[in-house]
Amino acid sequence: MAEYKLAARTSYDSTVVDVKGHKLGGGHFAVIAGPCSVETEEQMLSIARDVKAAGAAFLRGGAFKPRTSAYAFSGLGLDGLELLKIASVKSGLPIVTEIMSEEYLDDFERDVDVIQIGARNMQNFSLLRTIGRLKKPVLLKRGLSSTIEELLNAVEYILVGGSTDVILCERGIRTYETATRNTLDLSAVPVLKERTHLPVIVDPSHGTGYWELVEPMALAAAAAGADGLIIEVHNHPEAALCDGRQSVTPQVFARLMGKIRRVRAAIA
Amino acid sequence: MAEYKLAARTSYDSTVVDVKGHKLGGGHFAVIAGPCSVETEEQMLSIARDVKAAGAAFLRGGAFKPRTSAYAFSGLGLDGLELLKIASVKSGLPIVTEIMSEEYLDDFERDVDVIQIGARNMQNFSLLRTIGRLKKPVLLKRGLSSTIEELLNAVEYILVGGSTDVILCERGIRTYETATRNTLDLSAVPVLKERTHLPVIVDPSHGTGYWELVEPMALAAAAAGADGLIIEVHNHPEAALCDGRQSVTPQVFARLMGKIRRVRAAIA
Amino acid sequence: MAEYKLAARTSYDSTVVDVKGHKLGGGHFAVIAGPCSVETEEQMLSIARDVKAAGAAFLRGGAFKPRTSAYAFSGLGLDGLELLKIASVKSGLPIVTEIMSEEYLDDFERDVDVIQIGARNMQNFSLLRTIGRLKKPVLLKRGLSSTIEELLNAVEYILVGGSTDVILCERGIRTYETATRNTLDLSAVPVLKERTHLPVIVDPSHGTGYWELVEPMALAAAAAGADGLIIEVHNHPEAALCDGRQSVTPQVFARLMGKIRRVRAAIA
Amino acid sequence: MAEYKLAARTSYDSTVVDVKGHKLGGGHFAVIAGPCSVETEEQMLSIARDVKAAGAAFLRGGAFKPRTSAYAFSGLGLDGLELLKIASVKSGLPIVTEIMSEEYLDDFERDVDVIQIGARNMQNFSLLRTIGRLKKPVLLKRGLSSTIEELLNAVEYILVGGSTDVILCERGIRTYETATRNTLDLSAVPVLKERTHLPVIVDPSHGTGYWELVEPMALAAAAAGADGLIIEVHNHPEAALCDGRQSVTPQVFARLMGKIRRVRAAIA
């Protein structure tokens, strides 16, 4: 009983997501980097410049933030999108940022290179269908308690709309273990790559919750065959408006990129 | 660090949700019953009549259905809402049905008595905020991997919009156990009732996935102090368009209602 | 593929465990009560007298305690067994206590009425086989991450040795929820009773970790069809050497027993 | 509140387990390989020769097998130990094999180089204490639902007996995901290495349940900083008496060893 068709792997050919020449998938390994939240122009320009210099191919940053508490900082909104655009133009890096509803759909369609659908919305089927119809590159994160099969069924909602360039992201699942924020399920990488032609990346920042664990898990993800990584980088983690605890500095990020290249070469 | 304020219990007074005289909470125990999906007018009228006769206070039925697969039956949509209205008028039972996006917000605001937000959308914060502003009764289901604290934080998004009549629903969480569809976490009932003034109900149908388990778990929920139940009832479970395996017949439902009344009396 | 044979239900007849006339199973509902740890003679005599007066049929108390930390109080050992015997003789209640290894097998065989195998040892197959050969009543607790099928396979190890009187106990499983110590899986009760003829009891003390939750969950377990309960009772919970947070006082226990009787009558 | 003392990391120095010159830990990476079950002399000699040639440092093989079902093949017992000894003498590889109870303690003390305590016995505190007193090298596997802190508390029971050479092993934890047998928690590697001086290895065979996933997860474990691996290798996986589905052939194993060396060099 094939429940997903468009997402299913039927040959050795893999989807390559290509945004203005920045490729991810099908042998092209790419790293998406940037802060949890867009905060200021200076912050974004500084981080964009640093992560580009270190080899990142895409710039991430949250303008609309899903927050557990109704009273927590939920992002700069459209102003944040504006800052992302400025940083993108100056750095030449395409933008990856999360959409939370259809409210600002036009803005996302016009301004965002890769539209991210977060873990909490992985089964927001209405949003999946709508985004799919935009036929733009999409980054879909696995839900906190979603099975691999559910993730593949969810991405099918996007593909039936006409999108072809969708990146899947393992970002940790919810287990009883409390030493880490989530449990990063790296076996999802080879399992997904066997079942789908879509590229698979890993988020070691949300997957662990601690910046000290980002390096070992990023290297592990690369060794497991991931097509890329999405990593939170902040120039002042201790003052970050969100998720500072799991953000690496540009210096740590640059060193990590070197190690990732060596691991990639080792498994080639 | 109080993360929710409006939802927090600050006194012995509990919220009573009152829809056209049908009360739930604060000592008023109520049962919501009906099929997984609205299918036909005959089906809805028959089930509405039977569950009302057995003592149900609200009629449920899905018009818009969240489905894991993009190719599964996803409900009759607005036609389903229409059938629900007819059944409601003829039976006198208020309607409880799930909203999946803001697309048909006006229809839900006009036609639906209690707007349900499903488990997969428990952290769709945009939808929560929008529904909250309608100031209508809402039924919020706990997410499959959501903690009790996250549920209380999610309901706060609804309450800040101005809604006051919100029902919380424990419907099973995701664990490693495979004998049941989910693991019904009945301890959530007393924990929630200690932390919030909002009414708490239990869904033994989705919580177990098997109609044979609905009766023991419904009685257990009543004994644990739940303010109500939401139960799937179908006149032809074997032919149901969805979730037939977990639907009880009107006959089983009527017998169950009698037992529930006895358990309620026993713990009074 | 039937993996368990002796444990499988093949008829409506259910096993009745009968210890000196104290029956559990097959319609005989029984409550096992007592402190987490045996501490002093005075403590045991006082609690035994109180729980008997309230209607408990068995006396529990730990002499050998499994503790996560190598440095935690691990029970009085053989001295604790001695105190249990004294309390049993004076109260007339049979003893239920946990064995942790084969080291004191002779003492347990001679002095203990119902030998408990704890959750951590549910798949200590060597211990299961050895205890099974004693042909004494056994109480087997479900492991923290054991499926219902694994529990049934584990009890088969005891039954093949020749034991026939084995009680199964649901005591909470490990999930991501942190509001309770474990998540009590009450649906295990009807599932187990459908698959096996052995009696099934519930431990709301370990299952929740908080004494305030013991009453609602004990009533829920009775309503779900459990054959009995095992409840931690301490005369001075605030000074208990272990698990005081989840122990009820004799006064609370006595009131709870009255409510349990009413719930039992309601579902009869 | 320090709950473990002897296991806690207090300096940069790490424990090196040294068995007849075969070192593991403190910068010495080592692979333990062999079949799930010891079956025949020919099998053991063949596999031992092949894994040694590929670079394995230790030979594994089960003589006493913990099995969920009381009726499953549970190993050759002492005859299996005998075959392990023969294979060890001929290959020069030290033996790693699991003990299930104290019944054959003398045999294990005399014949086994590294005594393995399995996941199901991780909190069999009586066995942990007894093995600790032997002062022999021990391999302790993390329980299926044990937290990292519980693993560290469990190993303390071994260390207080006088053992110093204990290897910890992450072998997958139990989650809701069913695509893999367990969910391999690789973040446990860096977390453990920060908290303890003991060496940490990974079992990608049990951790995934499928031989196709062994290679990517073994490489990922090496990249994450593990001190070693334990891998199931069988010369005829399709005819293996247990766990054939997750066993790699000697040919696959040899190729994997080459890749592991390259990943190790990349992160040096």
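Just so it is clear, A, B, C and D label the chains in written order, and each chain counts residues from 1 on its own.
Here is the rule we use: a residue touches a chain if its C-beta (ideal position, glycine included) is under 8 Å from a C-beta of that chain, and two chains touch if they have at least 3 such contacts.
Given the structure is predicted, the values throughout are model-derived calculations rather than measurements.
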Neighbour overlap between chain B and chain D returns A, C
Would the interface of chain A with chain B count as same or different, where same needs over half of all numbers used to appear in both copies?
-> same
Could you give the separation in Å between the centres of chain A and chain C, each centre being the mean of its C-alpha atoms?
-> 48
With chain centres taken as the means of their Cα atoms, state the distance from chain B to chain C in Å.
-> 35
Contacts with 2+ other chains: residues of chain A = 145, 174-176, 178
Spell out the part of chain C that touches chain A in their complex, as residue ranges.
-> 174-176, 178
Of all residues in chain A, those that touch chain B in their complex | 3-4, 66-71, 74, 100-103, 120-121, 123-127, 143-145, 150, 153-154, 156-157, 160, 174
Chain B - residues contacting chain C, complex = 145, 147-149, 173, 175-180, 183-191, 194, 207-208, 212-213, 216-217, 219-225, 259, 262-263, 265-267
